[in-house]
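Note that the chains take the letters A, B, C and D in the order they are written out, and that residue 1 is the start of every chain.
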Amino acid sequence: MRYRELRERVLDANLELVRAGLVVLSFGNASATDREAGVLAIKPSGVAYGRLRPKDIVIVGLADGKVLEGSRRPSSDTPTHRVLYEAFPAIGGIVHTHSVCATAWAQARRELPCFGTTHADHFHGPVPVTRHLSPEEIAEDYETNTGRVIAERFATGGLDPLEVPAVLDASHGPFAWGSTVEEALENAVGLEAVAAMAFCTVALDASAPAIPQELLDKHFRRKHGPGAYYGQPG
Amino acid sequence: MRYRELRERVLDANLELVRAGLVVLSFGNASATDREAGVLAIKPSGVAYGRLRPKDIVIVGLADGKVLEGSRRPSSDTPTHRVLYEAFPAIGGIVHTHSVCATAWAQARRELPCFGTTHADHFHGPVPVTRHLSPEEIAEDYETNTGRVIAERFATGGLDPLEVPAVLDASHGPFAWGSTVEEALENAVGLEAVAAMAFCTVALDASAPAIPQELLDKHFRRKHGPGAYYGQPG
Amino acid sequence: MRYRELRERVLDANLELVRAGLVVLSFGNASATDREAGVLAIKPSGVAYGRLRPKDIVIVGLADGKVLEGSRRPSSDTPTHRVLYEAFPAIGGIVHTHSVCATAWAQARRELPCFGTTHADHFHGPVPVTRHLSPEEIAEDYETNTGRVIAERFATGGLDPLEVPAVLDASHGPFAWGSTVEEALENAVGLEAVAAMAFCTVALDASAPAIPQELLDKHFRRKHGPGAYYGQPG
Amino acid sequence: MRYRELRERVLDANLELVRAGLVVLSFGNASATDREAGVLAIKPSGVAYGRLRPKDIVIVGLADGKVLEGSRRPSSDTPTHRVLYEAFPAIGGIVHTHSVCATAWAQARRELPCFGTTHADHFHGPVPVTRHLSPEEIAEDYETNTGRVIAERFATGGLDPLEVPAVLDASHGPFAWGSTVEEALENAVGLEAVAAMAFCTVALDASAPAIPQELLDKHFRRKHGPGAYYGQPG
């Protein structure tokens, strides 16, 4: 079995989605890419998390979407992952969930404001919402177009996908990513936490203002980029 | 012991209600039918989930409601299940819970709108609410009439029970079903998840519109029916 | 060690408070009475649940409140329990918690309306709120007066404590009871569940009406009293 | 290894943050001080809770902030802890979390009102909110200034840190403390519980009044200070 380490990391990330309470049933999926090998590894479609084994993780060609290894059918969202890996060359992992609070913001089609430092630790500004897909974009290549609409949102908004490593797909739910699948998972966990906090914040004050810009910058920069001093030396 | 497999599947479904957080105490019940044998298997009435064994599952005649096997009294809701199996010939399992969010919608007597793809993956449109039973329907054959009012809601609404495999019983709580008891369980878990998401969605935007029709159709059809491509080949 | 069975039942009820998520830290307490022996058994004051052993449960005289067995100081709420056992001769167990949703209703000093059958299965009507204690009632014999104000609420309201086996103590939290401590525990668990459902119900419809009276009567009576048919024969 | 007991207590407090549901990922931190030795012990920065061992706990000089023992970099919030230990000489432990409900109040910049006895058992009055740091205070010595602004809030408000052993840091989250790290932990757990109860209370009644002053005093005093009678004799 090639790609053993990649499969095991993707399996771990998928199982962590359950432990972190971000998914139930067979909702959601996590993937990682090996760009040198030109592949991504992803959860199989519709298989219960409790039964997943390393060999169930499917290896798919990044360029053509063909299954290279594995007897399972890959996640139906695989084309979305492929488009995102192509549009965002710096990312190495993607996590899609239907976590309750982040999905509620996506369903209300409200971008997630940055109300505090928990948010600023992960996302350098609001987490944006996509536009709806057109009926034509839904009718053909739906999952590919889902990825394109996310990439479009980041291009038109001038957003850096590693500065704002998540999106709320309108009437659908959150996608999070990172330079590795482990980082993508952290961003998905953080996103649900801040979506819950923000939900309670607007219930306590419907016109709560966003975090001051200098505090947002401070918290994001103490964890990310060249001046970061949070965490242990590499 | 006949019906060993049927009992074990019904036992598993009942225990899963606890693990999924859909019930506490002795709330709720799950059943499955063997239509060829003309029986249903159901949880005994008022027995704590932690003590349930396969032999406690009661086998009841579909046609006459008589206990065929088991020393326990069947769930007091057994007549509701029998009416539903009769009214909806395509279903093979039923799950009734008092899960918090779905029950809240039932208590507020608001149908559950389809706000997103999580809902659309399970239910092809809003989950309807029944009318209240009349005092006469409560006074006599209450549990049988509970089933009849659900069947009436689907008949007058022109709803297909496998396209919308759940209902909110007014001032009571949710019933979900499926072609098997395992599918019924998935629909009960999915229903509580989407009831929670919808609760948060209307709190974020009291006039949040429903999902676009083409996105609803797309998500339901990619999982259900002849063109489905979600999951593994049969 | 006398009262071994009584201690073990009281210990089990206290530990179940933790497992059911009704308490954190050393919040809350459960007691049971042996009326023939003239004693009650109760949790010690301020001891972490994880360290409780049967010998830690304190045996107290019902009539005089003196510690009869045990090296621990009994719960500071013991005088409240004694007054309730005296005022409500039919009860055999009491559970006091600070469970989140029931406490919120007590803090908002809103009686808990009966919105559905989950409530009606446990309580034959709204769960009432007490009046506040006067400064004098707080200054002296606070815990005894807490019990008296609960008994007063039931006397002036003409309420039967086994038909409505719980109360919301204003700005404090819930007390639940039953003919045994196991029943008291069921009522405490049921109370938190219906307090959560009712919280969501009024959020979905601020003027949601109560359950129809005939449905309330039907559900309470199918579980309680001479015509009950829920559960297994005694 | 010196400070073995101190390290183990700090490790236990940090791990309990996870078990109590107050943190996810590497959010939050707990510390304790040995004032005689002039040190504090604190969680390392950005290390997953599941991997923490006693040797990972970092020993830092109270006066100068230098690492005295341990190969890890201490929590980036260490300067905040140092300022608080200096400003509040009676405290022996500090716990910082991003627990959802307390953080929401901090993000809405609303002080947490005392609505009931659960709150009064821990905090003798509302839990205050700090002012925002100025851009200059953020730009240089951010974490030190975070502590100074907390100390300033207590000084200007005339608050005793052992009577109100917590604060909501604006747009950030809660800090709790106590005479020991175990007490600090209890206050952090209690704070999240009362923040959740208060959230539900204001949702049920937007103008809910605070607890009567005499009931607030009674509950705080029965647990704290010379007349306390809650708990077991020392």
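Definition applied: a residue touches a chain if its C-beta (ideal position, glycine included) is under 8 Å from a C-beta of that chain, and two chains touch if they have at least 3 such contacts.
Computed from a predicted structure; not experimentally measured.
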Partner chains that chain A and chain C have in common: B, D
Chain whose average C-alpha position is farthest from chain B's own: D
Interface residue identity across copies chain A, chain B - same or different by half: different
Angle, in degrees to the nearest 5, of the Cα rotation that carries chain B onto chain C: 90
Chain A and chain D: spacing of chain centres that average the CA atoms, whole Å: 32
Separation of mean Cα positions, chain D and chain B [Å, integer]: 45
Chain A: positions in contact with at least two other chains: 203
Category of the chain touch graph - line, ring, star, complete, other: ring
Touching chain combinations (by label order): A-B, A-D, B-C, C-D
In the complex with chain A, residue positions of chain B that touch it: 20, 115-118, 186, 189-190, 193, 196-198, 200-201, 203-205, 208, 211-212, 214-215, 218, 222-223, 229-233
Complex contacts: residues of chain A adjacent to chain B: 24-27, 44-47, 72-73, 76, 98, 100-101, 103-110, 132-133, 135, 138-139, 142, 171-173, 199, 202-203
